[in-house]
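Worksheet: the structure to be examined is printed underneath.
Naming follows writing order (A, B, C, D, E and F), and every chain is counted from residue 1.
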Amino acid sequence: MALDALLINLLNPPVLFFFLGFLAVWVRSDLDLPAPLPKALSIYLLLSIGFRGGVELSRGGGGAHVWGTLAVAIAMSSVVPLLAFFGLRRRFDVPTAAAIAATYGSISAVTFIAATSFLQTLQVPFGGHLIAAMALMESPAILIGIALCRHYAPQAGDNGRRGWRNIIREAFFNGSVFVLLGSLAIGAITGDRGREALAPFTEGLFKGLLCLFLLDMGLVSARRIGALRQMGAFPIVFGVALPLLAAAIAIGVSVGMGLPRGDALLLTVLCASASYIAVPAVFRSAVPEANPGVYVPMSLAVTFPFNIVFGLPLYYSLISRVIP
Amino acid sequence: MALDALLINLLNPPVLFFFLGFLAVWVRSDLDLPAPLPKALSIYLLLSIGFRGGVELSRGGGGAHVWGTLAVAIAMSSVVPLLAFFGLRRRFDVPTAAAIAATYGSISAVTFIAATSFLQTLQVPFGGHLIAAMALMESPAILIGIALCRHYAPQAGDNGRRGWRNIIREAFFNGSVFVLLGSLAIGAITGDRGREALAPFTEGLFKGLLCLFLLDMGLVSARRIGALRQMGAFPIVFGVALPLLAAAIAIGVSVGMGLPRGDALLLTVLCASASYIAVPAVFRSAVPEANPGVYVPMSLAVTFPFNIVFGLPLYYSLISRVIP
Amino acid sequence: MALDALLINLLNPPVLFFFLGFLAVWVRSDLDLPAPLPKALSIYLLLSIGFRGGVELSRGGGGAHVWGTLAVAIAMSSVVPLLAFFGLRRRFDVPTAAAIAATYGSISAVTFIAATSFLQTLQVPFGGHLIAAMALMESPAILIGIALCRHYAPQAGDNGRRGWRNIIREAFFNGSVFVLLGSLAIGAITGDRGREALAPFTEGLFKGLLCLFLLDMGLVSARRIGALRQMGAFPIVFGVALPLLAAAIAIGVSVGMGLPRGDALLLTVLCASASYIAVPAVFRSAVPEANPGVYVPMSLAVTFPFNIVFGLPLYYSLISRVIP
Amino acid sequence: MENVIRIEIVTDGLEMREVIALLGEIGVSGYTLIPRVEGRGGRGWQGGDQLTDAFANSAVMTACDPVTAERIVSRIRPLLKRHGGICLLSEARMVKH
Amino acid sequence: MENVIRIEIVTDGLEMREVIALLGEIGVSGYTLIPRVEGRGGRGWQGGDQLTDAFANSAVMTACDPVTAERIVSRIRPLLKRHGGICLLSEARMVKH
Amino acid sequence: MENVIRIEIVTDGLEMREVIALLGEIGVSGYTLIPRVEGRGGRGWQGGDQLTDAFANSAVMTACDPVTAERIVSRIRPLLKRHGGICLLSEARMVKH
């Protein structure tokens, strides 16, 4: 079963394009997606997934689990960074530990999207509210990370110059969260009529553009591997162990709540994935003392490929054992 | 009826994405469509609408009204700037008044496109020659604006250094007019065979990419609102009143000509909409004395949102009263 | 028959958009596809054609001809540059002659793609291995060109500073070859299941985006025409004669091998087309003495338009005479 | 032609907003911005990471009188200390409309 | 190494064509162009408006001898007057192939 | 503030990798790169051809001490000779964190 899932995942075009990107860096090809294309693709993916989640919500799916799932999502995105921070404090300075904590508490939208594509291949349904859960999990961990930093290293960061107001705005209204929530709302408002009009765009192109984006993620991720070399085994071990721990908790909670398989996988993937967009964008300005040479490669070159390649099928085969 | 139309319009995904862009600026999100994406989208929209118009023309639709409609379109794009100019001369210096005149005589392709999408939602047909009308209305107003300026303020502008030849070329062969006319011609040549081959591109993606473009227009439009604050009520009043006046004339003429509803709406929207691409591009060079801090925000932050949100349903409900 | 084929080709939307680009330069329109759009389009086209070729291969099509065709392809991409070089040596310095030789030995992916679109219009099938042939033909000519240069003008080039290792890497792993081969492999691995998931992207949009890319090729090609003026008739004569010669050989070989019409046309087009991407990218660095003001316009402003407009239908009508 | 100091500041793209706010406060008559440049310095490679703008630099150039230049230098120093980057000053002559 | 004047001109992107034509007429040996820069000056913010190129600047740099520099300055002045922008001159040494 | 030499090198974009490797070998403390600029010189127009990066330039700027500057100049000269481009040196003062 686990092997089956792994195989299905590995033979999915998006994952293969991810490998292709990796390979390009490995053979030192000059392949490159020119500058604003990756950003444009990520806007597209967020818009599409948000819109589809909204349409799903407008159908009233999800039933009793909706609010519970959202609550668990927010709770997990606060628990994971605390776990991470206290595990990391002895190894790293406070700002860097706090940034890693925020990284793992927040989420990776592309990992989530790859999981939805994996579920579609298996024809397993999932609720639109999981997409709302994703949007809600992006920001709290960032705030917790900054709060941890200000508490344990009050001289670091911007000495409080940048008020919480600004930080909250940057965390909640950064471009990706905003597009995601906005499209979710528009999908929920226009429902199936809107869906019909936009389907060739939001659904037809989805997998193809996901392939293109994962090709870029392969390039970006492989380029960060060099940075890992100087850091020993710890980042690699941590970057695999923490997702596994978070996934275990998430699966446990999913079973407890009686979530269906699809929802359980997506919730698990959200907890197990790590941010590489929202967190660096906020931390670079607010806590420049945190070393991006540590927290970005951990997320991008360890956890992201691990989840995309092994995590997805592993989590799913566990879930399909414990959830009938 | 008017309320119905308003509601249908407001719940259209493109209009909702326009609001989303507005909202992003309002909450100071850092959302941004990266640099050449909006330009690429506008080329796509012009190419698609042009091509579809051409295919429509190749089917010989439009009947007796074709030439009449084109003639009216050109006439209106000459009358409106004259009306505007003499109304504005006391308030603004000649170059700025002339630029505003050109702005309102010329057209907004996106407003037109939103109108076609509105008609599609209502399943009201329209003739492909209206797209030719749009292409023909973009340039004459620019020439009239520059002629007015040269006549009433001969020392302004480039002192005639830049010959009419250049200005005519810039007005008639600027990128957007050229793509529009070229695609129209190609659509007319290849007809339904060509349409079939390109439909997933020109039609399938149309509404989705229109949403993306209107998201950007929301951002761009909202960012210009600040410029209005220092100018008092006049630009806002003018930016709503002139379109209403132009629309009233256009509806009257449409009734007189016996145009069907769809054609009447599109002609009205062309007359009521204002340029923010072709006009600034030509005037910045040819008449740098004209103040773009006035004519661009009027068009982009007043007339454009007014037409997209209220104008379309208003004009349509008027038209559906007077045209059976 | 030849005239029929010519007409069918001329009325194909992609060819018409190519003319439109030409026309834009001719009337000095400011039309321009903004900077990374053409590059993004070329990545899309290579990815799509590669993927489709791979899917085709996974179906086991092509039969006995597969290996033979690939061998012929590689052989032709070595013979053509030798023919060219010894024909050119008296007219140009060694580095420039070598660069022209490499240019004509290598291929133009867009010409190939236009040929597949032409075949689709005629509903003539072709084998997926031709796409592999294209990928294999891009690089050998480059190596031969550089070897010729090093042999006949050892003081030129980078004095051997840049080792063959680097040059081979640049020739075989440059971005376009890499995307093409990678997508071919992914298509072959995922087969028809993958195809279904990606079809709206790789097939639905194909012709539309090809139109957009050929619009740009029209602009780029027309802008290079100026450079031809100062060079007399030779580049024009050579830029038409060499493709005709290469095509004649390729058609002869195709008949000899008993290739079906579709495969024969594509092989012919590969032999007759000239590179304007991979060759300049490698030669600019490795042999800066070669004059790009000669070899690029020959390929881009003579051979490319000739093949797209006249070559395709001409080769096809010859082929349809000799291959039943 | 006027004698001016040409000031050139390169720093993290995300901080450019602050640099510009600072130039505004000090009251320079104008400035020119190159929104996206790459670079290397004590804090490593800033080549943009395609996903966010968090790892690219921006450069800004302003021509001003020596007194204003002094004020810019003293205000920019702590910002460069926190976020990295450099500030170069040189003599120039300016033609303005 | 040769002593040269380094000239830097920033103006409206749409006018760059004219500036370059002017440099060609005067006969500079070369120039380098940054096609899209942003800026603020007496005529307000030039940050590009995403829809047209009408609200962005371009910058051009050329290294030339002092006599040519004088000629550039006198020719560029009216253009800057009409369309805005600045021109900076400074001393430099040039290495050319 | 430190007195430095401001060095500015413009050359073929494809060769920039080599220029940067060279700066690294010589041991400059940092540099700033404008990855895509256009230009004209003895080898004609380098305006990018949209299809490859083979016809555009890059510019790099580094501030360093005079000794390092000398070394850069002597190392860059053959590269400019082969691939074209220019290198400008001027005096400046630097503020660093």
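Operating definition for what follows: a contact is a pair of C-beta atoms (placed from the backbone, for glycine too) under 8 Å apart; a residue touches a chain by one contact, two chains touch by 3 or more.
As the structure is a prediction and not an experimental result, all values here were calculated from the model.
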item	value
Partner chains that chain B and chain E have in common	none
Chain pair with the higher count of C-beta pairs in contact (A-B, C-F)	A-B
Chain whose Cα centroid lies at the greatest distance from that of chain C	D
Furthest chain, CA centroid comparison against chain A	E
Centre-to-centre distance between chain F and chain A (centres being mean Cα positions), rounded to whole Å	40
Distance between the centres, which are taken as Cα means, of chain E and chain D, whole angstrom	19
Shared interface positions of chain C, touching two or more other chains	33, 35-36, 39, 200, 204-205
Chain F residues counted as touching two or more neighbouring chains	34, 82, 84, 90-91
Contacting chain pairs - touch in the sense defined above	A-B, A-C, A-D, B-C, B-E, C-F, D-E, D-F, E-F
Residue ranges of chain C touching chain A (in the complex, touch as defined)	35-36, 39-40, 43-44, 47, 169-170, 173-175, 178-179, 182-183, 185-186, 189-190, 194, 197-198, 200-202, 204-205
Chain D-touching residues of chain F, taken from the complex the two chains share	1, 4, 6, 29-35, 63, 90-97
Touch list for chain B against partner chain E, complex	33, 35, 38-39, 42, 158, 216, 220, 276-277, 280-281, 284-285, 288, 292-293, 296
Partner chain A, residues of chain D touching it in the complex	12, 14-15, 44, 48-55, 82-84
Footprint of chain A on chain B - complex, ascending	11-13, 16-17, 20, 23-24, 27-37, 121, 200, 204-205, 207-209, 211-212
